[in-house]
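Two complexes, one shared chain (chain A), two partners (chain B, chain C).
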Partner chain A sequence: MAIKYLDKYPKNLAKSLWVMKPFVVVGKLFWKNIFHRPVTVLYPYEKEWIPDNYRGRPGLRFDKCVGCGMCVRMCPTACIKLIEVADDEGKPVMRPQVNLGRCAMCGYCAEYCPLDAMTVTPEYELAEYTRYDLLYGPRRLHYEGTTEEMEVKLEVTLPSDIENGNPERRVSLFDIDRPELIDNKCIGCKKCAKVCPVDAIEMVEKGVNDKGKPILRPVIDNSKCICCSNCVLDCPKDALQIKEVL
Partner chain B sequence: MMSDSIVPVKEIEERMETDKMWLTMGPQHPFSHGLWTLRVQVDGEIVTDAEPIVGYLHRGWEKETENRTYPKIIPMADRLCYAASMTYTHLYCMTVEKALGIDIPEKAKWIRIVADEVCRIQSHLMWLAAVGTDLGSYTVFLWSMREREFFLDLNVKLCGARMTTNYPRIGGVRNDTTELFDRDILRTVERFEKALWDIVALVDDSSIFVSRMKGISYLTREQVANMGLTGPAMRGCGVDFDIRRDDPYDNYDLVDFEVPVLKEGDSYARYMIRIEEMFQSCEIIKQAVKKVQALGKNAPYRVKTPSRVPAGTTFARLEDPRGESLMYLVSDGTDKPYRLKVRSPIFVNVSGAKAMSVGTRVADVPAVLAQIDMCLGETDR
Partner chain C sequence: MGHILDWIVYKDTMANVYTPFESYNLPYDIGCKLWEIIGGTLAWLIDLIFPGNVVSEWLVSDAVTTLLGLIVFMLLIFIVAFVSTLIVLWEERKVLGRMMDRRGTMVGMKGFLQCVADGLKTFQKENTIPAKVDKMTYMWTVTLVIGVSVLVLCMVPLSSRWYVVDYDTGLLIIMAFFALAPFFILVSGWAQNNKYSMIGGMRAAELMISYEAPMLILITTSALLAGSFNINDIVYAQMDSVWYIIPQVIGAITFFTCAVAEAERVPFDIAEAEAELVEGWQTEYAGMKWGLVMLADYMRGSVSCSMFVILFLGGWTLPFIGDGPIPEIVFLLKAYIVFFFMSYARAALARVRTDQILNLGWKVFLPLSIFNLAVVILLKVGGVF
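== the complex of A and B ==
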């Protein structure tokens, strides 16, 4: 590999004292630019082209969201909050609200959303007059032209797959992780079944204890579970644990 | 320290006591890059002492990382330095990967090299623009910023954001290279190699630039070693060391490139090193893009990593555009770091401000210190 610049330049100082050279260089560019189309755009009327994967403000598809709170936990600036709103049928549901005054546009909410309900949108003109206007509620987060490309898909490969010689990309990071019960810690309080956003946990009676009361244990339906780890975080006795598949 | 040749001293004047004056340049002085202060002691027009003051941009970065889980620190590492966001994110991910003891896929390594070198070029162009304004040529500023824009467009194309890229991940990178990215980056680099000669001609052939950089603010090898300067300031003094070549991380050992070294040690040498580094980065990009293409479209680029890092200490270092940056991680087995220490190259390089500016004239101080390539975000953290 050759050195490109150092070999050529520093030798002759005499050349560098020739004052006219910069004028020649500037003149060259001047003539080039006279016949060139302008490089600037008339901003509010014309806009620069932006690529498909541009990271603007987060968007939400209300019907897809289940309110698991994964975006709330993953947001590095803590700008997302779950609030109670009425869904299409009038039932109260929990949906994310984004404070765009704090949003860093990192795209983590879209990346970690287990159902791809959160998207990144190409919208970047977000200036408002008051801080209150920067709060984007679940309905306002909806973006009109949401396309498939705006979903950020995490494609990961398992280390065990690479070892087996089958380096296959898997589309979601959380497809295979599942919560696991540590039986002797569980007190059967049903809290996990209550917080589960997709109703994947069912409390099942497993015999009776010394006092004759039924022993309840959660049974997790793996086909329904989206691995949002709500049950793990809400468990008062740390009886549930995420088992990571690696 | 002051030699008699600079200020002619007569016998009578020797008995007179002249006051030395402290000037505070910054944080709102037009010379300062960002929010740093330089107190200079002047004897008339000659600088006799200097003291850099940093800390106006302290955000408690290291403490804040202790409250966040490992993936959440990646967007924070972006914000350490706006010009070197890719290298800092890369460094953080590398540190955690080292602590986890995992190996990332080949494709991720090559993509990281491409992204790092794009980052290096745009950081050096930002520096060239700053040098242009500090030395009094607005044209250099405009031309370098124009060239930089093409590289920021590449960042958008790759990961969707211009400067706070949030691109490397623990175990790989965020997404694969997008469609036609290979074509665009090769075109940009080819175009840039021609365009850089124009800017270089503007600077090198101008007697104003050369006379203000050549032969002033000498640093010796011993001074560099004692102060711990790294990066172009070190290589401009004849120290032949580059982490990319001497302690290779990722796949830098498979790339063929030269490390520019000069023996002069003056301000102009530091300038020349950076210009040469930009050309070498272009070469690295060309080689790395070919490797990415050769790996094919379906190659894995990210491995799944456990969320908990085993207890222990790790450090990793890499060649930042400004020098050697290092992260030291103390993990306690949870999903949050116990301590994350950042060694920023500028925080160390800024201690050379005294050695670099003593003996020069006040008007030359901005010109000399532009060669530090100041960035306060990573210095104060």
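== the complex of A and C ==
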């Protein structure tokens, strides 16, 4: 019994020298760490390097925003809401307000914003004392020092494209889509013209109907249109649809 | 009316009849000089008011100077030992941090004040004693473990002028006190009425029987090489020939491993294996008791390193230089370098099993130490040393 138990131990003591292996590993790490900084970062005092397009809290460039509501529709956590605020001239306009208690910092709002008014910011220390303080209004969302890199483009470039020698970047492809009118469905209610945030839709008279009333049809100014699809969504008769530009 | 310098004359301590030391002792000398400044000033002031009184003469007499000098001597010896232990603690935390790719302690003075902060924290903890422990042994054993560790730490001489005892058997006394703690740990483990503590205490005893025999053989080997058990003689014998790590490399490595086991540090910390037994034999100790036990652990580690330095690395002497201006610093630096390797072993290795340490002790260390003894005897007979 005792002999069987002792068989577990190597007869050749030189085989026990595997013990030196962890010493070598630890020694290498120690040698490295004498000359380089340890990986630990003393967080409140020093911060890690963050890239320019770091997805911190969303930021808003108030003047660029037109209040199209694209961010509201795209937000996966439904934390954005359009609220009415006074712009620089005192006129009431609709601008997004972000509830950072819900925000997942995914950056979709900045990605889908057709005017790149919504950006990501490198701010991530967002603790507040009350939940109410977590509501970031349009003016508070403004981030001092917004740079070009903080705009997030909707990237459609595929890795396979680049691998196959086609490295041209295709960004914001959906922005060149335009709404298209299905004429026989339209009832000329002018709703599309009302909801258009950039006033790209103009109601034009196209003859008169049987009762002698003017027939109104929307005419879309493609140069002004930002493809926010508000008109498509609000059309009561589904007379507008987005035509994909391929 | 006398001048103040009539009272402060910095008498030679060796001329003092009450001096308990046979050779020059630096901390005692500092204590005596300090008392001459304080007591001499007091005596001078009293003499200004009451000229020619007895009290002034008594304050600067040999007996009072010796008494106060001894008190300062004790304080100095303890404080230096204590601070060097704290430095050891700090060194381990920093070195372990670097070996684990982190920073170690960061509070004040490159992290040194973290040790002080931890001490203060454990002081503030509630001092709980479990209901069903054997209170007397519970308190006495932990007191003895800590006390013996502090005693051994204070008894380690830092140089030929910084010592507590200078007996011919100084090495044996230190090793005897050093080996006492496992007995108290065993009793303490029983007294705590806790299965983890009990197992921890048993393991401490088991650990001791496996490393103590080769360790004692190695100590006697070094003493044999030097021809004395006196620490001073061993150190100066190394200065005259070579550091004993050169003739007994195998012995040095074995002694180092045994010293790690003696200090109950990783990889031989089976008595307080955190992963298996909650805190081993320290499980039921709360608050400052636990803090002091931890400090005692590091004191024992520090003593282990000091013993290694004395036996193998030439103590406080440097080759070709000898004592140098501040031999105490040289000694402590050597001890810290040895402790670095202890931390290295702690970072690199995992804890051994209880049966592995017995196998190591009796089947590896003991033959190696006896082989080392044979080599040393050959060298001694051959007339090399």
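Following the convention adopted for this analysis, the second predicted complex is superposed on the first by the 190 of 246 C-alpha atoms of A that agree within 3 Å, B and C clash if a C-alpha of one lies under 4 Å from a C-alpha of the other, contacts with A are read in each partner's own complex, and residues count from 1 in each chain.
The rule is short, and it goes like this: a residue touches a chain if its C-beta (ideal position, glycine included) is under 8 Å from a C-beta of that chain, and two chains touch if they have at least 3 such contacts.
Remember, it's a predicted structure, so these values are computed and weren't measured experimentally.
Of the two partner chains, chain B and chain C are each touched by A:Val25.
With both structures placed on the common chain, the touch criterion links A:Asn166 to neither chain B nor chain C. Contacts of A:Thr147 after superposition on the shared chain: neither chain B nor chain C is touched.
If you count the residues of chain A touched by chain B and by chain C, you find the higher number for B.
Across the superposed pair, chain B and chain C both touch chain A at residues 9, 13, 19, 22, 25-26, 29, 39.
For chain C in complex with chain A, the residues that touch the partner chain are 95, 97-103, 106, 344-345, 347-349, 359, 363-364. Interface residues of chain B, counted against chain A in their complex, comprise 68, 71-76, 78-79, 102, 105, 139, 143, 146, 156-157, 159-161, 164, 166, 171-172, 174-176, 178, 198, 200-202, 204-207, 210, 214, 256-258, 260, 262, 268, 272, 275-276, 279-280, 283, 298-307. Contact residues of chain A toward chain B in the complex are 1-6, 9-10, 13, 15-19, 21-22, 25-26, 28-29, 39, 50-55, 74, 76, 104-108, 111, 120, 152, 154-159, 162, 167-169, 173, 242, 244-246. Note for the complex: chain A touches chain C at residues 9, 13, 19, 22-23, 25-27, 29-30, 33-34, 38-40, 42.
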